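The block underneath contains the structure these notes are about, expressed in structure tokens.
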Amino acid sequence: MSTFGTLFRVTTYGESHCASVGCIVDGCPPGMPLANSDLQPQLTRRRPGQSNLTTPRNEADECALQSGVEAGVTLGTPIGLLVRNKDQRPHDYTETDHYPRPSHADWTYLLKYGIKASSGGGRSSARETIGRVAAGAIAERYLKLAYGVEIVGFVSSVGKIHMPQSAEDEDVDDENYLNLLRGITREKVDENLIRCPHEETAKLMEQRVLEAKEANDSIGGTVTCVIRKSPIGLGEPVFDKLEALLAHAMLSIPATKGFEIGSGFKGTEVAGSKHNDAFIKKENGELGTKTNRSGGIQGGISNGEDIYFKVAFKSPATISQEQSTAKYDGESGVLSTRGRHDPCVVPRAVPIVEAMAALVIMDAVLIQNSRRAAAASLPPLATPLPPSMSLPTKQQYQKAVDELVKE
Amino acid sequence: MSTFGTLFRVTTYGESHCASVGCIVDGCPPGMPLANSDLQPQLTRRRPGQSNLTTPRNEADECALQSGVEAGVTLGTPIGLLVRNKDQRPHDYTETDHYPRPSHADWTYLLKYGIKASSGGGRSSARETIGRVAAGAIAERYLKLAYGVEIVGFVSSVGKIHMPQSAEDEDVDDENYLNLLRGITREKVDENLIRCPHEETAKLMEQRVLEAKEANDSIGGTVTCVIRKSPIGLGEPVFDKLEALLAHAMLSIPATKGFEIGSGFKGTEVAGSKHNDAFIKKENGELGTKTNRSGGIQGGISNGEDIYFKVAFKSPATISQEQSTAKYDGESGVLSTRGRHDPCVVPRAVPIVEAMAALVIMDAVLIQNSRRAAAASLPPLATPLPPSMSLPTKQQYQKAVDELVKE
Amino acid sequence: MSTFGTLFRVTTYGESHCASVGCIVDGCPPGMPLANSDLQPQLTRRRPGQSNLTTPRNEADECALQSGVEAGVTLGTPIGLLVRNKDQRPHDYTETDHYPRPSHADWTYLLKYGIKASSGGGRSSARETIGRVAAGAIAERYLKLAYGVEIVGFVSSVGKIHMPQSAEDEDVDDENYLNLLRGITREKVDENLIRCPHEETAKLMEQRVLEAKEANDSIGGTVTCVIRKSPIGLGEPVFDKLEALLAHAMLSIPATKGFEIGSGFKGTEVAGSKHNDAFIKKENGELGTKTNRSGGIQGGISNGEDIYFKVAFKSPATISQEQSTAKYDGESGVLSTRGRHDPCVVPRAVPIVEAMAALVIMDAVLIQNSRRAAAASLPPLATPLPPSMSLPTKQQYQKAVDELVKE
Amino acid sequence: MSTFGTLFRVTTYGESHCASVGCIVDGCPPGMPLANSDLQPQLTRRRPGQSNLTTPRNEADECALQSGVEAGVTLGTPIGLLVRNKDQRPHDYTETDHYPRPSHADWTYLLKYGIKASSGGGRSSARETIGRVAAGAIAERYLKLAYGVEIVGFVSSVGKIHMPQSAEDEDVDDENYLNLLRGITREKVDENLIRCPHEETAKLMEQRVLEAKEANDSIGGTVTCVIRKSPIGLGEPVFDKLEALLAHAMLSIPATKGFEIGSGFKGTEVAGSKHNDAFIKKENGELGTKTNRSGGIQGGISNGEDIYFKVAFKSPATISQEQSTAKYDGESGVLSTRGRHDPCVVPRAVPIVEAMAALVIMDAVLIQNSRRAAAASLPPLATPLPPSMSLPTKQQYQKAVDELVKE
């Protein structure tokens, strides 16, 4: 349905052509500074019409907080917020009266609900993601303020044009790739319109998108995202492992077709002796892993290393060229769709992926907060645990507690 | 946590070396014939010790239903069931008293909970999946009886050995692959130990696993799964799209690293004009799609075509060769793990993937059942909907309703 | 938190003095006619300033649907709606800067969140209930259209002034009371300002409220509510029995102190032989109960008889007379609160109780819909059930199915 | 359904005559000592056959932990536990093959599920509460160890025999009653079989129960429960206020008809000026309330005063005397039920009420833990909040945080 999360709970509403789109964010920690201007940057990175690589639909997507904030500070109560739909052109897609658009949601919405919005994508439109991005910006703000969490997404491929230095070489020697992930910033990512941090590849990608645009066609791509300085211990086995929550979140974004964490599909080809992440003592004296094929998650739980994953986005279904297909009644014909659309969604998908990542981490932090506080409130055990069941030093766990519950 | 689903809700318990493992299945439709013998086949396909390709731990994994069934028929009340742990050897892994096993969950469980089971994987052990498989068998039984749903998983790769005829060629001409998916059966899959329906590839795969076994090493692989005759209209946008639920379910299985639906990552490389699934009138007069790059799901909703997806499993972390790593206290050393383990999990993962698929579909069916019944109970609209908002014929939607609510 | 329901899910936002209050209703059946004007009547019955018995705060409380509806018909997607706060006077309650108001939520909100809205009740204000009433009106509309459900609340006591003919006499001879419940309508209830259908008692009640008002004091009361023509089979044992859901819903309304279903507390005093509701064959040939001490629910499941319950509302905490109390810092003093408030909440509570009742029934209907459709989709059993486990005639159950899934 | 709670989540299974009854407790804090012997006392207080006031069905109800505990300490993983059904006599109630038992759940289970357990109450049997009591004992153990929480229930009325000194006198002068609540212990309560701490009343109550027993009849009663030393700040407005959760929990217990918190229904009769709980500085220097008509909860949030509430239990539906009623097919007749039953449930209901109270408090603690830890992790605000929005001293809130997160 349209609610995501357990303790940090986001509920969204809105179709492509209704009065407004928005969300309610329930469970935001109280006492956090928050203003519309904190949410606007990611909304602006997501908005249509931001460049010649995106749909020309022109929406400023101005965020209007409704509740849950007073004197610029969160109250801990539900935060209502909305963005008005302005540039609506409800009659752009008139041919869809007869044709379900191929690989679009027209047909399945009708099958599911028996009714659909008259035009545009309705609820399956990318405008639905505005609520996610605004909510994600709230989550991210908290994570940044409380733990210094950094979440950065970027375009790692467009069509067959892939960034070099991926983890995908024969030897899973991912050092260069991990270095990139360690340092990448949103500023760097935004240096070009396609949002790929490898300048040369970025140019090729932009060309590829413009090519698709000129051909009245579309093209897919992938977004890679890294989460740095995530608190450890996040994820709730067995069903709500952190990678499972991330996969759920990412595959809920329109047009996604795949998800992989850490070494991903390529990692399946490698022997365990090569794939295993050996432990090392880090410079700061803590235990860490030498490599990071696990992608920062082991046993479904974050281990303090960078969490990174990749999301596949198919080519947008809406294209302006003629398509041989069938009408609702089965009669074959040729559909030529007018209307505004993105030739490639990945540049605008970057802030959406980041937002969903923030929502997952935020909710997981709140749940793990609870467990740690609960465990820390118990009196010491009368008999110490056997070594096979406990950390050798109490300090190690204490550190985990302290990290979460700063005072 | 350890509960999965909304209306068909499965809660599991159990570690590798406790008294029993099991689950409670809440929300099973009443009036369905059910006996232990209905659940045993998939448990047996999952059990360890079934061949020389799997761990030698010997467990019969006999299912014992506790409640929710009388006179061989489900009551609609919670179904408790359990499997006793028999072949426990809690002291196999003594070296783990000093070392967190690389890429295993020892370290993260300690970070998260401050305590862990003394031996084996505890809750992160594959024995945890017994509850899933039993619950999945209940779901599958319902889906089969009510709708004829067929769920078949198989091993599509081991290491670098891939089945041919995947959708991954240049032209996304997936006809052969789709034909395979249309006809594949569990009987066919079980003709060899590795559970790959392509006999030649199966042999190579088995060799690869034995190679890993002899080298005291391990290897990864992928499992592909197809769901046929799924009811249409399943999936709950925007956050609980069917592919999002499947991704969540699959990435919650131990050792998984990736998920892709339909054309998946390869599909991102293809132009929209090629990737779009054009509509056609099928032989039975209904609307369908000519190709199926969408993998049976569009806009997050099942469209009646075969649902297929692939899951990546990494090489098992437990290997019997020496590993240079660090102890809990940071001191470096060499870990040599004894104990029983799978050199490759994919053959035993097949029934687990099928089980999780069944749980997702079952829960989605119950929710969509509800919506359809609710919509069908409304009186006809005074003013008919404009064509842009409705199906051209009432029959099409009625069919969807009828399909779900047979009498 | 601020979400209620499983399949029909309402999430509310808004404080007493923020930009707007509202809600998102997720899971509304598609294809239902819906306009702002359908929601306004209950909002108007709830609004402040409607008579001299209520707070003078003047709000028209005009409903503005944002999404989920097109061409006047629900799409099945989330329905966003809001009501703007207009008559805000944020500085009315300045003395509360020093004093937590006795029996108000100032103190506990600070303890819980560490921060609170500067004035008025913030989230604990009755304005929070606007979202509930609007959502309840949507639910009620569906229930009316699909099943003819009728939900009518009324004031059954104010202070010590109780309506006669309650079930509370010695013999639990509830015939008169049940007759009242069978016939009562909102029109009848609204014939007087206090919303008590017994005209003589109503006058005494109004006097009692005006007395409290003149004394700068307040007074409590009870609201009784009946749900007629509820579908049978509603409620989800064991934790979500229908009375448990109703109790949850009612005790979530501000200022409530108690809930009783059917014979309630008085019923505990009566022997089983007197209290049991014997079965009879009704005029329409169906099985029913002769009496209805159960209040329409047995074993947590609705049985088709009228569901009725009573809710206790305490006297409003905000009074305009001086109160000896302590400041936040513990210093004793005298608080004299200015500001607008209700001398008695029960007249305005009537539509709120009705709304929450509608939300409970609606969600329970959707869940039971699902179960019935699921059971109905199974093939007939090979061996019929023994009589001790089944209804004697298939028709009886079929009727239940038919009632829910009309076509 | 059969799951209760958000972070401390209990799922139960089992009917009156199946192999075993039990539950899975998910979310128990790790590192807590736990053994079967910790759960047995409350199971034994609940078990049938404990005195001549209860049903003669003889069950030892021995608890068998299955998982989630090693070396006598909780692992933080799901705790499976079960109690075998031993004294089953499935054919006791043969007459129910033809008659739905009045005010029992036979009829509604058939309407809801289309099938029911052949004998006894099936899932509606009191045996279902075993899982609750065991889970409640786990919750209570944590609450005791971490916060010293004390939960004590007792019988406050049987039929028309009520304990004196209730809050129900004209002046709501509840001092005596509150004193009783402050001091009452389980030992004191268990001094007589009826579990009423007022010895004289207890004798009358026991007589009343034996009277009912001899008359082959049954009688109802009420259970009052107090929760002392509850952490402050518990409860999640607006829908999950603490009293709403308690009401939900209590009305989910079989045979309950009502719930009231603090001054309850009687409190509705009193003017606000009398009902309001004025604040005072307590001996320990903290702010508290002089009276406690609120019952320890204000605005849906615990305020640190004793939480107390009362639950109404109707007379058991199963009686051994003849009842004029109708058969399933509508034909009238006389039902005479044989079989074992309780003449009055309240003595055995005491540990069930305590268990459900513990489950509510436990879950609320875990959620509030999370919020406090989250708020405490934020950096200090650049601009201090205005006094109208914050506690005058940071210490007050800090105390709340410290209380929950001890180290």
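Labels for the chains are A, B, C and D, by order of writing; each one numbers its residues from 1.
Operating definition for what follows: a residue touches a chain if its C-beta (ideal position, glycine included) is under 8 Å from a C-beta of that chain, and two chains touch if they have at least 3 such contacts.
This is a predicted model, so every value here is computed, not measured.
Asks: What are the mutual neighbours of chain B and chain C in this structure?
Replies: Intersection of chain B and chain C contact lists gives A, D.
Asks: Work out which chains are contact partners of both chain B and chain D.
Replies: Touching chain B as well as chain D, we find A, C.
Asks: With centres defined by CA atoms only, which chain is the most remote from chain B?
Replies: C
Asks: For the interfaces A-C and C-D, which has the higher count of C-beta pairs in contact?
Replies: More contacting C-beta pairs are found at C-D.
Asks: What is the distance in Å between the mean C-alpha positions of chain C and chain D?
Replies: 24
Asks: Roughly how many whole angstrom separate the Cα centroids of chain A and chain D?
Replies: The answer is 42 Å.
Asks: Starting from the mean Cα coordinates of chain A and chain C, work out the distance between those two points in Å.
Replies: 39
Asks: Hey, what residues on chain B touch two or more of the other chains?
Replies: 1-3, 12, 27, 30-31, 70-71, 73, 76-77, 112-118, 123, 237, 371, 375, 385-386, 389, in rising order.
Asks: How are the chains arranged in terms of who touches whom: line, ring, star, complete or other?
Replies: Looks like everything touches everything, fully connected.
Asks: Given the complex with chain A, which residues does chain D contribute to the contact?
Replies: 6-7, 27, 29-33, 70-73, 76-77, 142, 145-147, 237, 365-367, 369-379, 381-383, 385-386, 389, 398, 401, 404-407
Asks: Quick check: in the complex, which residue numbers of chain C touch chain A?
Replies: 1-3, 9, 11-15, 18-24, 26-27, 30-31, 64-71, 73-80, 82, 112-118, 122-123
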